[in-house]
Structures are given as structure tokens and as C-alpha cells.
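Written out below as C-alpha cells is the structure these notes cover.
We call the chains A, B, C, D, E and F, going by the order they appear; numbering starts again at 1 in every chain.
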Amino acid sequence: MNYKTAVIRKEHFNAAHRLHNSHWSIEKNQEVFGKCNNPNYHGHNYELEVKVIGFINKDTGYVIDTKILSDLIKTEILDRFDHKNLNLDVLEFKRLNPTAEHIAVVIYNILRAHLSEELELKIKLYETSRNFVEYPIY
Amino acid sequence: MNYKTAVIRKEHFNAAHRLHNSHWSIEKNQEVFGKCNNPNYHGHNYELEVKVIGFINKDTGYVIDTKILSDLIKTEILDRFDHKNLNLDVLEFKRLNPTAEHIAVVIYNILRAHLSEELELKIKLYETSRNFVEYPIY
Amino acid sequence: MNYKTAVIRKEHFNAAHRLHNSHWSIEKNQEVFGKCNNPNYHGHNYELEVKVIGFINKDTGYVIDTKILSDLIKTEILDRFDHKNLNLDVLEFKRLNPTAEHIAVVIYNILRAHLSEELELKIKLYETSRNFVEYPIY
Amino acid sequence: MNYKTAVIRKEHFNAAHRLHNSHWSIEKNQEVFGKCNNPNYHGHNYELEVKVIGFINKDTGYVIDTKILSDLIKTEILDRFDHKNLNLDVLEFKRLNPTAEHIAVVIYNILRAHLSEELELKIKLYETSRNFVEYPIY
Amino acid sequence: MNYKTAVIRKEHFNAAHRLHNSHWSIEKNQEVFGKCNNPNYHGHNYELEVKVIGFINKDTGYVIDTKILSDLIKTEILDRFDHKNLNLDVLEFKRLNPTAEHIAVVIYNILRAHLSEELELKIKLYETSRNFVEYPIY
Amino acid sequence: MNYKTAVIRKEHFNAAHRLHNSHWSIEKNQEVFGKCNNPNYHGHNYELEVKVIGFINKDTGYVIDTKILSDLIKTEILDRFDHKNLNLDVLEFKRLNPTAEHIAVVIYNILRAHLSEELELKIKLYETSRNFVEYPIY
């Protein structure tokens, strides 16, 4: 069979972060970001779903080996984000506000560079079980 | 960054309802809707996912502030649907059969009127953990 | 082996109910039960965990066959509670307020009568994913 | 109302399987499929989501009666896949490697033949809570 | 009825923390706490289950009104722990290492002081979906 | 602080198995175990919760380091059970019927031998999300 199929691998990481716009006053930051602006940080258990879309390989029956996908996520994302302070420890957020939206875009850009062009990529990121984002849109 | 992204907020409400078509006989209603036609009603814990799609705002890093989205859902949906009898207490279902499909469409129409035009809206509604609907289709 | 072990079977039912004390005034009921007192009822997806404790049977390796336990729950509980209005359709709640606590005790008493004396029984009942009860206490 | 809506029914089945390409050597199979190649099989609790897309019927308020959909899944899929060895007991996998991707495509093809042409069909299959596939792509 | 029953209310909070023993060297802290010792903190979505055990009140059918219990948890725990840095913002952890075990004991002690003596109290705290603690033991 | 506390670590493994009593006839096995008796095996995603009870260590704030507990479970249980056929590949089930009850007792006995005597141990094993066992009883 030769059908276009999506494979999703779910991973998780724990991190501290703080929402903040350095071009704004303390008051404006407090007004817009509320308790997410706590200067001492707060944190989340992020659940990450990485969706890879492509044709099923006739020899393996795989779109992509989930072991290979899991290892890629571990090396490129978890080793850099897990048990970290996103604002202080992760280069990409030195100047970029680590909202769930921005984290999803950053993860997309990192992983995109490691996947072959025939494969489509989509990211779903849960900040809590009630707040989550998708990029690019499904 | 200026990327199209989806933000999803999950809320829930509890309600009683009954499936019934007033143009049909008792027997026909019983045949089609089975135990969902119980004249004394039954009920569900509805889980509601509201997806808003748009561009990330460069100043906030948000497509939409989930606090604002959550407040909107509370005011427009939960305050009117939660701990209610959908057939008796909610205007929209006086003549409309409160199937999961119809509830999703009604919620879409209510929320659509409160969101700016640049934002796309999608509703996912779980009636039980094994039965759920999406409108408009994803 | 001959070890005391617990077996848990999870089932679910959907029902409408209303919290109400008929010896109280309308105002008192409203004050104590709030929106749970809605005269038109509201409803829930109840998740029910039935725990049976006993010795493992040497021939089967079972404390109790979960198929038999599931059938018992179906016949004695689900057929009487599922897609029902607990206040109007279920005899036990004609005079007993159908709080989660009372529903758990009623289910315990019904199932207790159908299990052999060597088996211990415990009920866990989820009214929502955030409110649940256990009887007898674990 | 006459709106295009998706209805999803979730079911599950338990099965043993083994990933294997009979055209490859033992070493090559071991290298590509690792512990999934165990000649004695391993197994999973598969969670299956069947999504049916169509217009809401004005008389019923349904896209499709989930009871009818559930019965169809039971007859065509669960009765043939549940508590089975996919490689040995299920005709479709006599020569087709039972990866999650292939299982999803096989389920799609079986159910597609039983649904009217106006209805669109999509399959989501969880092999574990961290590995799942979608066909056709969402 | 007058039966001893347990009522559980589930709440959640997000917080940053760092595991650290100030009497130990940097090396010893790193060796014991590993990446949980990150000086810039990391964080979690803590899920908190508060179990209250007592007799069912004959008038209300409640052991305790979950609305009252939820408000108590909000005032005494969530307002002080949610979106905070446990090490820096919460008095009790100025000198106490904020492991899940210690957080559970601290929450127990705070809530215990606000519940009447006839009620028994038990805390279950999820640091992640795979790591959780109970105090006192169930 | 010096309080008795429980720490739970959740892990999972996938395996094939078959319920069978070799002292019984084919018919008797079929009658008692039904589709679980399939001679070609079926399988499950087993979710395993290992609960360790003890006093909190004053220096670490831990009852037991969950990293150490997780490594122990991996070495002693997952490496021997994951992606295996319990009946054919796991010594303990050569003559012992691999029901959930028996698997829990076997896991308890293996892990018990690796934990110091001051620590109490309890096993919870999910065969499916609706069938699970606890040993020793909670």
C-alpha cells in the first residue's frame, strides 16, 4: 500500500518560564500577563505531540520509525528544554516571549531542519490539560 | 514571528437533556432515539474545546489571551448551559433537538458573534469520552 | 499462589439528577445546593469503579472473573441507572437525595447482596473528573 | 440547520502482533524492528477513533447515529480484531506487516465499504498513549 | 443513612521549583538531585487531590460540600502556590526542600487546621502523571 | 519533618499473553477464559504503578528517589516483560497463568527482594483502562 498517513509521537518536558515583554513597563506587563508575569517564574509539565505526515514505506510499513522520531525529539528538544528555565536557559527565548504559541513555533523550526522534505510536520503543545496550541494549524 | 497558530481552551459543563422530535409519534421517537428519549431526561458532563485560529500578536506572543477566551466561554456558554436542562432552560433548544451535533453548532454561532473577523473558530464537544463531535469540520 | 488481591472493574452511566431536601423551604434548598438544585435537573457522566477483594482462585488465577463482575454491574446498576433521571426513575432515590455519597452507598448495598461473603466490596464513584467519592472508605 | 459536522466514536480492542518483513533476513528484521520483531509476539490495547463527516440530518439532528456506528465497528472490526493475533488470525495481515499505519488503512478500507458515499471517513488509531496514527490525514 | 464515606476534590496549580539542600556542596546537590537541581528552576503542573473522610450528613447528603472544600483549597493553597516559585515565593519552603513529599505534608498541615476534628484528611499530589505522592498514607 | 508518606512511580510495558489452565480440557479452558484463551495469544498495554511507603529522609526530602525506583523497575520488570510473550518468554509464567492478579503478585515478589525492609511496597496493574488489580490490597 502507498497511502499518505500521519504518525504522532507524544513526549513531555518540565520547565519554568515567565511571560514578559521587555519593551513594556512593569505595570503594562502585569496588566497583560497577570500572574504569568511573576518575576520569580512559574512552571509547567508540557506535553508535546509531534505529527509527521508522509507516505507509508512499503518495506517497513512505517511513515517514520517512532523510535527514530522519539530519539530526534529527545536530542533536539528534551535535552535542551526539559528541567530548564525557558527564559534563562534556552537560547531561542532570550528575546522571544515563551508563550505556548512561541514555544510551538520554535520546536517546529528546530525539528523541521532535521526531517526530509517529503515529510510534513505539525506540532501540538499542551501547556496545561486545558490550554494548548497547534502550529502550523491542523 | 508572525505565524498562523491555533489556541485551544478546554472547559466543561454538566447538563440534562432528552433527544426528541416533536413531529414524530412516541413510537417513532422511541425507535430512533432509544434510551436517549427518556421523557424524564438523562445527562452528561460535556467537555468543550474551543479552538481559535489566527496570527500570533508580536507584542504579546498570543493569538488570543486564554484568560479572555475562558471568560468569554464562561459568560456566553457556561452561565447559560451549566447545571441546566438543555431542553427546558436553554432558549436555542426549545425547538431544536439537543444532539451533540446541534449543541456544537449553537455554541459556534454564539461564540462566533463575539470574536473578531480575523480569527477562525472551531468547536469540539465531548458528550462522553467515547462520543464527540466537531463543527466546523477540522 | 493464594494471595489477597483487589480486582477493579470500571463502568459508566449517564443520568440526570437534582439535589433537593423536601423538608426544607425553596430558599433553604437554593442556599445549600445552589445550581445543583435546578428544578429542571442537570446531569452527569458517572464513572463507577467496583473493587472486589478476595483470594486468588488457584485454578483460574482470578479473584473474580471481570466478565462476570461486569455483567453483574450491568444487570443490577447500569440497566437501572443509565440514561435515567435518578430522582424520578430510580426507586432508591424517591426519598433519598441523590448526592454522589448516597449514590455510592446505594450501589454498594445493591451489589453487596449479589457477592459471596468472602469477597470484600468497595465503590468509587466519579460525578465529574474533579469530584468523586469512595464508600466504604479505602 | 444543515451544517457539515464530524462525529467521532471511540472503541478499543486488544491484540497481539509482531512486526516482520518476510523478504528480509532475521538480522535485517531485528535491526529495523528491534523488540517489535519478537517471534513470540507482544501486544497492545488499541484505541480506535472512527470519524464520520457529513451533513446533520434535519429530522434526527444526527450526522450518523453513534449506536449504528458503534454496532458497525463492532461487527466489522472488533469481532475480527479483538483478542486476536493480528499476524495469525486476521486475513488482511497474512502478508501485510501489522504496523499501526497499516492497521489504520485496513480498518479504513473495511469501514469505507459500509458507509454511504456522502459520508467522509477518517481513522485515528492509538497503539499506545504515546504512539498513534491517522489515515487519511486530518 | 449514616455511613463513613470519602469525598475527593481535585484541583491544580502551576509552579516553579528547585530541589536543593543548602547544607550540601554544589557537587553533592548535583549528584543527588541531578537536573532537578537546576539553579534557574524548572516547573510542573501539580494536580492535587484532597480527600475528606467523615459521616454523611443526613440533611444534606454530603460529607462536605465540595464547593466549600474547593473554596478552602483555593484560598489556602492555590492563592499561595499557583503561578509561584515555591522556593522563593512560599514561606514554608524557605528552608524546606520542595520535593513532592514535602509539598504534600505542607498542604496537609495547612488544610488540617481549617477542617473540623471529626473529618479525616488525606492528600494526593501529582508532580507529573508518572510521579505522585500520598500523605498520610492511604 | 519525619512523616510516613507514599511515593508512586508509573511505568508501562506491552506484552502478549494467553489465559490457560493446562490441567483443564480445551472445552473447559474455552468456557472459563473465553476469547482470552485464544491459542495464538492477544495482548495489552500494561500500566504499572509501584507504590513505596516509608519515612521522608530529612536530607533529601525523598522517601525514595523516583529516578532510582524507575531504574529498578526498568531493570527488573520492563527489561524482562516489555514487548514479550508472557507465557513463552517470562520464566515465572511457564506454569503460572498470567492473569492480571498473578502478574501483580509476581512483580511484587521481584521488586520486594530489591527494596530495604523499612519500605512497604504495593502494586497496581492496569490490564486495560477498565480492568485493573492491586496487590497487596490497599
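Throughout what follows, a contact is a pair of C-beta atoms (placed from the backbone, for glycine too) under 8 Å apart; a residue touches a chain by one contact, two chains touch by 3 or more.
All values derive from a computational prediction rather than experimental measurement.
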item: Lowest number of touching-chain links that must be crossed from subunit B to subunit E; value: 2
item: Most distant chain from subunit E, judged by the mean position of its C-alpha atoms; value: D
item: Most distant chain from subunit A by Cα centroid; value: C
item: Centre-to-centre distance between subunit F and subunit E (centres being mean Cα positions), rounded to whole Å; value: 28
item: CA centroid of subunit B to CA centroid of subunit F, Å; value: 41
item: Multi-partner residues of subunit D (each touching 2 or more other chains); value: 129, 138
item: Pairwise touch network: line, ring, star, complete, or other; value: other
item: Contacting chain pairs - touch in the sense defined above; value: A-B, A-D, A-E, B-C, B-D, C-E, C-F, D-F, E-F
item: Subunit E partner contacts - residues on subunit F that touch it in the complex; value: 1, 3-11, 51, 53, 56, 59-63, 65-67, 138
item: For the subunit E and subunit A complex, residues of the former touching the latter; value: 12, 14-17, 35-36, 38, 40-45, 82-85, 88-89, 128-129
item: Subunit C - residues contacting subunit E, complex; value: 19, 21, 23-24, 32, 34, 96-102, 104-105, 129-138
